[in-house]
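First subunit A sits with subunit B, and in the next complex the same chain sits with subunit C.
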Partner chain A sequence: MSTTTTSTANRITVATTWLDGCSGCHMSFLDMDERLVDLAQQIDIVYSPLVDTKELPEQVDIGILEGSISSEDDLEKAKAFRKHCTLLISLGDCAVTGNVPAIRNHFKLSDVLDRAYRENVDLQPQIPTKSVPVLLTTVKPIHSEVEVDVFVPGCPPSADAIWYVLSELIAGRKPDPSQVTRFGA
Partner chain B sequence: MSRTVTIEPVTRIEGHARITLQLGDAGQVEDAKFHLTQFRGFEKFCEGRPYREMPALTARTCGICPVSHLLASNKACDHLLSVSIPPTGEKLRRIMNLAQLTQSHALSFFHLSSPDLLMGWDSDPVSRNIFGVMRQEPALAKDGIRLRQIGQTIIEMLGGKKIHPTWVVPGGVNEPLSQEKRDAMLKLLPEALEIAKRTYAFFKTLVPKFKDEADHFGTMPTLFFSLVSPKGNLEHYDGFLRVKDAKGNILEDMVPPWEYERLIGEAVEDFSYMKFPYFKAQGYPKGIYRVGPLARLNNANACGTPYADVALAEFHMLQESGPIASSFHYHYARLVEIIYAIEMMERLLKDPTILDTRVRARARSNRYEGIGVAEAPRGTLMHHYRIDDDGLITWVNLIIATGHNNLAMNQSIRQVADAYVDGNNLQEGMLNRVEAVIRCYDPCLSCASHAFGQMPLAIELKDAAGHIVDTLTRG
Partner chain C sequence: MPLPVPQPNIRVVTLKIDDQDLSAREDETIIEVCREHKIPVPSLCYLDGLSVWGGCRLCVVEIAGQGRLSAACSTRVAEGMHVHTNTERLQRYRRTIIEMLFAERNHVCSVCVSNGHCELQALGQSCGVDHVRVPYRQTPYPVDSSHESFRLDHNRCILCTRCVRVCDEIEGAHTWDVMGRGSDCLVITDLALPWGESETCTSCGKCVQVCPTGALVKQGTSVGEMVKDQHFLPILARRRHAR
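For the complex of A and B:
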């Protein structure tokens, strides 16, 4: 996971980001603990909320998306990841099914916004619109908008599951996460 | 020519945010805003769900502090049941909360903020991250990973999972602690305490080097808001609300948490999905206050555990008198709280009643309204529910720890921008300082949007007509 510019060209590059989720899937990634140090020998994290490199590189080997698609920003990010990443992983139930964020699909978006910014408020009730992304009326899983190569369900998938998927990919094999994951767990 | 500088995404924080700086003709900062760019809508979409689903559901607001939501939600449900939970059940809940405090504070200090502190604000952004720390300071990185792992492991032993555990239920916890698990947890703690003390001692040697940052990173008079124990000591699970002013006068004390609405109002601004809570008695935006580790230590008479109390005394020496004003010292306060959490877990685990099997009170809902308040790692967390006769949720209000700090975070970025940003000669390191003051607060923005940051960074300088006159990219 070295991010130095001196890293060798044959290292696998990985980009991650979170869309509409809770960051729990990224935390589960960090729960690989001391294995992170081994992983850092084999891959370069070239873009992620955990690092300061703020531009998604032209070409990345593995892209990992957490969370569902709830806003125009999320949609743009999902498309950018698809465009620039050779292989795209949908990580966690929010990414795979819509999970908790998609519960809001049972309500009208304006009702959901009104509750937060007009009703449960003491002063200046209004819907924020400046410098914030436009919300989509329907929250969607990643694969409904862009093609996904590997699905890793779980809320969140365990660190062992993430380790397995990455190890298989590093070894040049296609992982079968169904052995190590289950929805909701 | 006035210009806007946008920093996006703010990295090494949890969640989706952008910062905009308005620069005037001479390159001076005229305005600074912190925008939360995710909205989730828990307050509405929980409607119609059985209240017993709320702990597992609302825990999904945050993967870093799910235990806080689990506890605040269950406490709101305890209130709906009108039960007082068995003492051992409460102690077990406290242990899980302290384990989370340890792992979450470790994440904030080691994984997210230590790159700035060790490598410098102006160091190469390509390696200014935890993986860079692994190479440059492997022993410290290892300590951070291990400390977080110990916290997460204790959570897993209690709740079956590191992230989004269950186990805590309305009325208590659903399984007593076994002797084997108790012993296994106790075995982990001495190593954790060693790491915490070692890190604290190391950080103290760094503090003098950051005098300038300490003077400008959100150093301002505000109120401080937190729970305290009935004795006025440090408290994270229960207790009463205390509000102190910048001079150290106690304005409100021993307020039962369910009276929170008397103290706190919420305002909305058009530029952020995060609301702006304020202290009602002083109005908006004058009623600015801070929560979290800094506020808790400023408010507490004592920690109540030996090493943490020594560290608390040293914390108060950071300033000549009064509550510590600089948000830079959130880092310091966090390390003191880790020591406290480990000492307290040990005390609770050694309590002879901790293996009692009576850990849950059973009842049906007996009220229509329930309020649960706990101290999350980032500050005071409030869950407020109403239900109907069938136990279905009809209304929800959540006030999230990070939200309380919204006014303070906005003032802080302005202060840092005034001190370090020169619009005529923009440097990446200047903008990293603006982000770094946000990292002091360790915001949890997926929570705060009941809401969550991320896109290529480009700082575009636009002229008044919106034309891009210059672009600075990082990474």
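For the complex of A and C:
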């Protein structure tokens, strides 16, 4: 979101990505509508599905993760975000609780794969092994694998809740998301 | 619950709750006095109109001079008692209790029929539970959809036993009871028959209305549609006592 006219030196850098989620939390982020213009004056989104950068920078101020940890790729991304981000936010119920992706934990992983790739497929039923990340046996919330600083529950958290959390952080305060959002919100 | 007419031999005591000087009848419990004076004390198993169970421990309070915590629902007031309802220690314990309830079974608020109308979800928010620090157990529990009007989802059950008590004490059917121990503990209908085959159930739906979560719901409800109405309970309870 950098513009050519304003210096980006003093802006807070933000990285976001989605793990096992529906991208709804990112859509809720975009639902901040005209407030995004204000936000763009104060933050620089340096890495995100919403921008074009392919590499997570070495040092980022705020990392925002949507989705649960369900595959080896999710786990690597979560670890990378923790390593490179000063402050890490779990955004949404999948990141905070496991939510809908974690419902598969009630079934054996082999049964889940069979259901998706054999039982419901007409043409060439087969379990993919190339170019897709290996699924983990148990879907977990992000804080079960890496330390998380701020939890923003909600499915999805409202644009107002995301705005509140980011505004508080930009102002140098620690937000209390329970004031504005809850599990399932 | 308060009787319609106080007995003449019941005395009044004075006590302090959170530095408020209050008076109460000596047969009242701490939670009753708190509710009368709009002092918020969280609870899940306690419900005005039903007998006291004392199982959820969310209503724990500190009483000056006592090292251990007391459940406000099952502790009577006493002369000179000094009660604290919202200390940092109590907030910490309540938060932990709620987290363990979320971790024990499967409360997926976003897809629950009671989303937005659930007492566990609301208490989670008001007690500042923005994540669960203990690992989720990830154990599936059965769902009983055999009743033509209602559904029982053990995954959402917190074993508050409100259904058991309302069925026994208000409806007088005693269809519900509790079976098993620890994490195997389940509410059951008759002798663990499917609900739809129960011979004692009158299908009155009182259990559904008092259930604090999405464990007991109406058939045919979708996400967030199950709104409960508990207004009948204190009215029926007082009429039963007045007889």
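Basically, the second predicted complex is superposed on the first by the 179 of 185 C-alpha atoms of A that agree within 3 Å, B and C clash if a C-alpha of one lies under 4 Å from a C-alpha of the other, contacts with A are read in each partner's own complex, and residues count from 1 in each chain.
To be clear about the criterion, a residue touches a chain if its C-beta (ideal position, glycine included) is under 8 Å from a C-beta of that chain, and two chains touch if they have at least 3 such contacts.
A quick note: this is a predicted structure, and the numbers were derived from the prediction, not measured.
Of the two partner chains placed around the shared chain by superposition, subunit B and subunit C are both touched by A:106. After overlaying the two complexes on the shared chain, residue contacts for A:18 are found with subunit B alone; subunit C is out of touch. When subunit A is checked against subunit B and against subunit C, the one touching more of its residues turns out to be B.
In the overlay built on the shared chain, the residue A:50 is in contact with subunit B alone; subunit C does not reach it. In the superposition on chain A, A:176 makes contact with subunit C only, while subunit B stays out of contact range.
Of the two partner chains, subunit C is the only one that A:143 touches; subunit B does not reach it.
In the superposition on chain A, A:151 makes contact with subunit C only, not with subunit B. Legend: residue contacts after superposition of the two complexes on their common chain; A:96 is shown touching subunit C, with no touch to subunit B.
After overlaying the two complexes on the shared chain, residue contacts for A:28 are found with subunit B alone; subunit C is out of touch. Applying the stated touch rule to the two superposed structures, the overlap between the subunit B and subunit C interfaces on subunit A comprises residues 99-100, 103, 106, 155. Subunit C makes touch with subunit A in their complex at residues 102, 106-112, 115-116, 121-122, 124-126, 128-133, 135-136, 138-140.
Against subunit C, the residues of subunit A that register as touching in their complex are 90, 93, 96-100, 102-103, 105-106, 138, 141, 143-144, 148, 151-153, 155, 176-178, 181-184. Put simply, subunit A touches subunit B in their complex at residues 1-5, 17-18, 20-28, 30-31, 33-34, 36-37, 40, 45, 47, 49-56, 67, 70-71, 73, 76-77, 99-101, 103-104, 106-107, 111-117, 120-126, 128-133, 135, 155-156, 159, 185. Looking at the complex, you find that subunit B touches subunit A at residues 8-9, 11-16, 18, 20, 33, 35-41, 43-48, 57, 60-64, 66, 107, 111-112, 115, 125-132, 134-135, 141-142, 145-146, 148-149, 152, 161-164, 265-273, 275, 278, 280, 284, 397, 432, 446, 450, 452-458, 473-475.
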